[in-house]
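Quick heads-up: structures coming right below.
Shared between the two complexes below is subunit A, which pairs with subunit B and subunit C, respectively.
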Partner chain A sequence: MARDDIPTDERLDLRLERTIDAPRALIWKAWTEPEHVKRWWAPAPWTTVDCRIDLRPGGIFRTVMRSPEGQDFPHETCLIELVENERIVFTSALAPGYRPAAEHLGDDCTGIPFTAIVTFTERAGKTHYSAVVLHKDEAGRRRHEELGFHEGWGTCADQLIELVRRLRR
Partner chain B sequence: MARDDIPTDERLDLRLERTIDAPRALIWKAWTEPEHVKRWWAPAPWTTVDCRIDLRPGGIFRTVMRSPEGQDFPHETCLIELVENERIVFTSALAPGYRPAAEHLGDDCTGIPFTAIVTFTERAGKTHYSAVVLHKDEAGRRRHEELGFHEGWGTCADQLIELVRRLRR
Partner chain C sequence: MTNQPTSLDRVFHALSDPTRRAIVSRLSRGPASVSELAKPFAMAMPTLLQHLKVLEESRVIRSEKVGRVRTCEIEPGALGRAETWIARQRAVWEGRLDRMEAYVAGLQSEATQGKEKKHGKR
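Here is the complex of A and B:
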């Protein structure tokens, strides 16, 4: 579940949930250390060729995804809330350092302003992994869905789970 | 000073600074409790007829300013970082609950996306009060300045200082 005091709206938001057979501290590590993030962030056959994370409120969260054709898609967002092992909130409506972001004009998903609230809840050694992605309006939610949100974030979640499995060994 | 790790840019940002002869805990109180905020937030002869503050990251910061002619200007922003007695960060680029804000089309200052970083630093019983207001581009900074940022925020700071003086008695 997302933070109880953050309202969500099914018309505007997209959601991904998984139960992962691992303690949340390990998933947090895979989620917040660039060397790990580069291994699961982009849905294969895409790759993540760069990742930079300054893990504090206002810090940068930057990724560069490379398409199979070799085109690079940099994306810079701002981390806004971090509770270790529990919650990460980041948004593309702000640039790193909290500055309001410039217009979003890309025709890929980097062109859609969104805020993602990622939550890790541990129960009996397993982790409930949840991501709620908030859009400013229905058009944004629909566009993100058309661009393949569910397949994309789903594939990445599977890659994250696979990485965590290898890290446990 | 603002947080050292948040870069500012004189071309894009506006700044207000004051030294206030009061401990910062008292100024924090005047800044964060709606009943106090209503007494200094709008530059007289404007008034603040409503104020709502949910003092936590993602919480609402809402004010309604009333012009001398009786027109109301509601403004809802999102609190994003709070360090008690030290720092408040809020932004109009996000709606309360971290959702990317709808387009800003007002021709008053509520139409300009900005992030404000307000800092309270105490030295020898006095408080250095600083507000840095970040804009996404030079046009936003210029427009905010033309709409009277310095006079407006300056008058409000003076009203805040006067209120704090009365609270000390």
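Here is the complex of A and C:
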């Protein structure tokens, strides 16, 4: 039931694939139980101080990330589709209960509307992890930029370098 | 799907090396000549030039030769706009996947130790 048929746009969307050496039931658990999610959701030195998951379509998937300065960033998304051990689909475009979400105005990463389709497929005792993250249109992206995403080339370059360094670790 | 690496892939590749990141960090404060860039590094000039070539081909930086001096600067655009935006989204999700993978490996080795399974690989 891989969802490779979802149309994506490489300027806007992300596709991540990875084979993980763990049974998919364990990965499902890590993704769907708050006490586990809290352990890996935020990048250090940020922490995830709260997580609430109501594991049903229309249910809440909420995280609160705390910055190193102690500021909290709550983020609520709506679960859309759940197939145990197989697939989890959620979006920030809807609030829990399917109510259309308010406009996102945050200038941090969590303020960007997205729909994530995360699929786990068993392959010889390992799990093939696939995530497709769909973003809104160019207009949404530009607005996001206007909201002050850019603080000068130096900051951008440094941030990107830091992120790449973290990815390579 | 295309086999051509996207420009984003090239940017990430260019930044996957510590020397190149140091060069970009230096250039993010303003343009510099090749000899200025060479100063902090204890490496042969051809090696440095090779790094500059990778950065230039990925369009992270650009350079111009005036007389005998080649000056490098950040290419406005490569690290900005769409790529920074999408790179940042990618970094968020990949970072999350890295952490989830490491976390699950930890859970699994706990479970393995608990049940004394033969296969105790992380």
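Here is the rule we go by: the second predicted complex is superposed on the first by the 133 of 169 C-alpha atoms of A that agree within 3 Å, B and C clash if a C-alpha of one lies under 4 Å from a C-alpha of the other, contacts with A are read in each partner's own complex, and residues count from 1 in each chain.
What we mean here is this: a residue touches a chain if its C-beta (ideal position, glycine included) is under 8 Å from a C-beta of that chain, and two chains touch if they have at least 3 such contacts.
For clarity, every value in this text was computed on a predicted model and none was experimentally measured.
If you count the residues of subunit A touched by subunit B and by subunit C, you find the higher number for C. Of the two partner chains placed by the overlay, only subunit C lies in contact with A:10; subunit B stays clear of it. After overlaying the two complexes on the shared chain, residue contacts for A:65 are found with neither subunit B nor subunit C.
When the two structures are aligned on the shared chain, A:80 is found in touch with subunit B, with no touch to subunit C.
Contacts of A:57 after superposition: subunit B is touched, whereas subunit C is not reached. Legend: residue contacts after superposition of the two complexes on their common chain; A:43 is shown touching subunit C, with no touch to subunit B.
Once the two complexes are laid over each other on the shared chain, residue contacts for A:136 go to subunit B alone; subunit C is not touched.
Looking at the shared chain after the overlay, A:94 reaches subunit B, while subunit C stays out of its contact range. When the two complexes are laid over each other on chain A, subunit A has residues 12, 114, 135 in contact with both subunit B and subunit C.
Within the complex formed with subunit A, the subunit C residues making contact are 6, 11-12, 15-16, 21, 24-25, 27-29, 74, 76, 79-82, 84-105, 107-108, 111, 121-122. Subunit A contributes residues 10-12, 14, 16, 18, 20-23, 26-27, 29-31, 36, 39-41, 43, 109, 112, 114, 116, 129, 131, 133, 135, 141, 144-145, 149-150, 153-154, 156-161, 163-169 to its touches with subunit C in the complex.
Only residues 3, 5-7, 12, 56-59, 80-81, 89, 91-95, 97-102, 113-115, 117, 134-137, 140 of subunit B touch subunit A when the two sit together in their complex.
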